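Note that chain A is present in both complexes that follow, paired respectively with chain B and with chain C.
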Partner chain A sequence: MNNLEKLKKAFNEALEIPLEIINDELSYGAENWDSVAHLALVASIETEFDIMLTSNDVIDMSSFKKAKEILEKYDIHF
Partner chain B sequence: MIEGLKFRKAKKDDIDFIIEAIIESEKSSSDMISSCKIFNFSEQEFIDILKEILIQDIPDYDYYLSGFIIAELQSERIGTVGSWMEAANGTASGMVKATVLFQYLGAAKFKEINKNTKVIKGLTLNREPGTLQLEHGYTKEKFRRQGVFTNVIKQNIKENLLHHSFSKVQGILFNENYKSYKAHLKLGYKVVEEKKVEDPGIYKYFPYNSKVLMELSEENFHNF
Partner chain C sequence: MTSIFNLEGKIAFITGSTRGMGWATAKLFTEYGVTVILNGIHSQELLDQRREELKKDFNLDADGFLFDVGNLDAAQNCYNSIFKKYKRLDILVNNAGILEDNLVGMISKENIQNTFSTNTTGIIYNLQLAARLMSRNNSGSIINISSLVGRVGNEGQVVYGGSKAAVIGITLSAARELAPKNIRVNAIAPGFINTDFIKPLPKEKYEERLKSIKMKRIGQPEDVAKATLFFASDLSAYITGQVLGVDGGMIL
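Right after this comes the complex of A and B.
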């Protein structure tokens, strides 16, 4: 599984949304992505990529596109 | 209105009373504290977390200490309601709340949430950026039905109008919490969106299965 697929899996599991609708446009507030789901997403990404996100990462991760940009900082490339 | 009722902004000394308000607001006339069920906290753990968070006075979400207005009668705190401007700095209050909880508890606590979120997502309602949000309204039992709730809401709106520009006030509540729901209607709030979950699993996390986003327009609050 490549990094993009792993990230989509994390979103799919945390937000419980179909893989087909996960794209760069997906952002907080859409598809039931609320505060609780956001915490689930953070936990899911940390597990999937075996990293520890910072508070700044958590508040900045407002879209799928932003999630990819944040993960680049951890040498996770897409 | 009760004679001698005074209003002021909340201070750090008020934190215990505000926690009482947050917990009673979460219970919404039931015995269930939803946050404890969702995050698997005991009531005492929740109180301890709230104390740590409130003292930081972080703006832009519902645990913003300075957003609370306190109603006092002869120096006794008898009512309160919290407030914040939604997405004032471009970040939704839900994101701010998630980040604060993450900061205080770490991600490990949330690895279990995945199992819980499916059913509760059905009650998610989105707040509109640029609106004033009022939450955690509370009046001590023996002072209810005497206009304290109505007046503390009016005072909070007036206080916010001194510092912010907004044309709508919003709040999210369980419409089956009839006392609170009716009090909002009496003030002029209208229901703009409703979410209902039929899955009985919802009752593991919330006392009721439907929530409403209510809104008060400028024409209702400009003469408060």
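Right after this comes the complex of A and C.
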């Protein structure tokens, strides 16, 4: 599984949404992505990539596109 | 048979755990099979000494982190290290606190900032970081140390009382928010406890406080540690958002 697939899987499992609708436009507030789900999403991403995000990165992660940008800082490339 | 406490093998981070109530809690937790992670702010030497004591008495190689709980970057580094080594956190005891008495009119800006940074902001930082590690396992217990003063007030303690009352608000709100993740959040409100905090008290003040305790004795750090163990363990598996007084029936 490549990094993009892993990230999609994290979103898919945490937000309980189909893989097909996970794209760069997917943003916080849409679908099931509320504040409670955000914590689950962060945990899911951290588990998938074996990292711990900083608090600022957790707050900044407002879209699927932004999540990819943030993960680049952790040497996870797409 | 599984112990009623179910603490064996759990990972606990205890802030302010080189002295007083935090240290008593660290020892008690270790006795019950918890892998304790220590924190201090002032002395690496004392922190190392405490680690050695846990090694000698319980054969535990405890990690220890020297940092100010009100410093977010330092806290983040600590939790990163916990994550890298253990991949989990089961228990957080937000114990670190400072006390500086000042009468109204004598309260400085620095006094307010320092007290709230450690006693209140630090609790939020640690709670937030710990909750993220706990949410991965859908399980955890966070115990915040408030104070009797935060519930009923005391003269000379406007700043301290405010910072400790805030801890109760933080506890109640976090308990509601984190309950669906099976993370419990409770607070302990100690009364007059035999720690370094009471050392500067003049003899007459000490006697006065003692008289206000219905059980007629000063509380020991171990009394608070036992209540903390209760909230950390499965004995309180269905309890969240509570503030437990550990004060021997003290009336301020």
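The definition used in the following text is that the second predicted complex is superposed on the first by the 78 of 78 C-alpha atoms of A that agree within 3 Å, B and C clash if a C-alpha of one lies under 4 Å from a C-alpha of the other, contacts with A are read in each partner's own complex, and residues count from 1 in each chain.
Everything below uses one rule, namely that contacts are C-beta pairs under 8 Å (C-beta built on N, C-alpha and C of every residue); 3 or more make two chains touch, one makes a residue touch a chain.
From a predicted model like this one, the values you see are computed outputs, not experimental measurements.
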Is the number of chain A residues in contact higher for chain B or for chain C?
B
Touch test for A:Glu5: chain B only (first), chain C only (second), both, or neither?
neither
Touching partner for A:Glu25 - first (chain B), second (chain C), both, neither
neither
May I ask you to decide whether A:Glu13 touches chain B, chain C, both, or neither, giving the answer as first, second, both or neither?
first
Which of chain B and chain C A:Glu46 touches, first, second, both or neither
both
Chain B versus chain C as contact partner of A:Glu72, first or second or both or neither
neither
If we overlay the two complexes on their shared chain A, which of chain B and chain C does A:Asp34 touch? Say first, second, both or neither.
first
Looking at the overlay, does A:Ser55 come into contact with chain B only (first), chain C only (second), both, or neither?
both
Where on chain A do chain B and chain C both make contact?
36, 39-40, 42-43, 46-47, 52, 55, 58
Complex interface listing, chain A residues touching chain C:
36, 39-40, 42-43, 46-47, 52, 54-55, 58
Taking the touch rule as given, give the residues of chain B at its contact with chain A in the complex, in rising order.
38, 91-99, 101-103, 107-108, 110-111, 113-114, 116-118, 120-122, 124, 126
Listed in rising order, the residues of chain A that touch chain B in the complex are 13-14, 16, 28-29, 32, 34-40, 42-44, 46-47, 52-53, 55, 58-59, 62
Chain C residues touching chain A - in the complex, by the definition given at the top:
72, 76, 79-80, 83-84, 125, 128-129, 131-133, 135-136, 177, 180-181
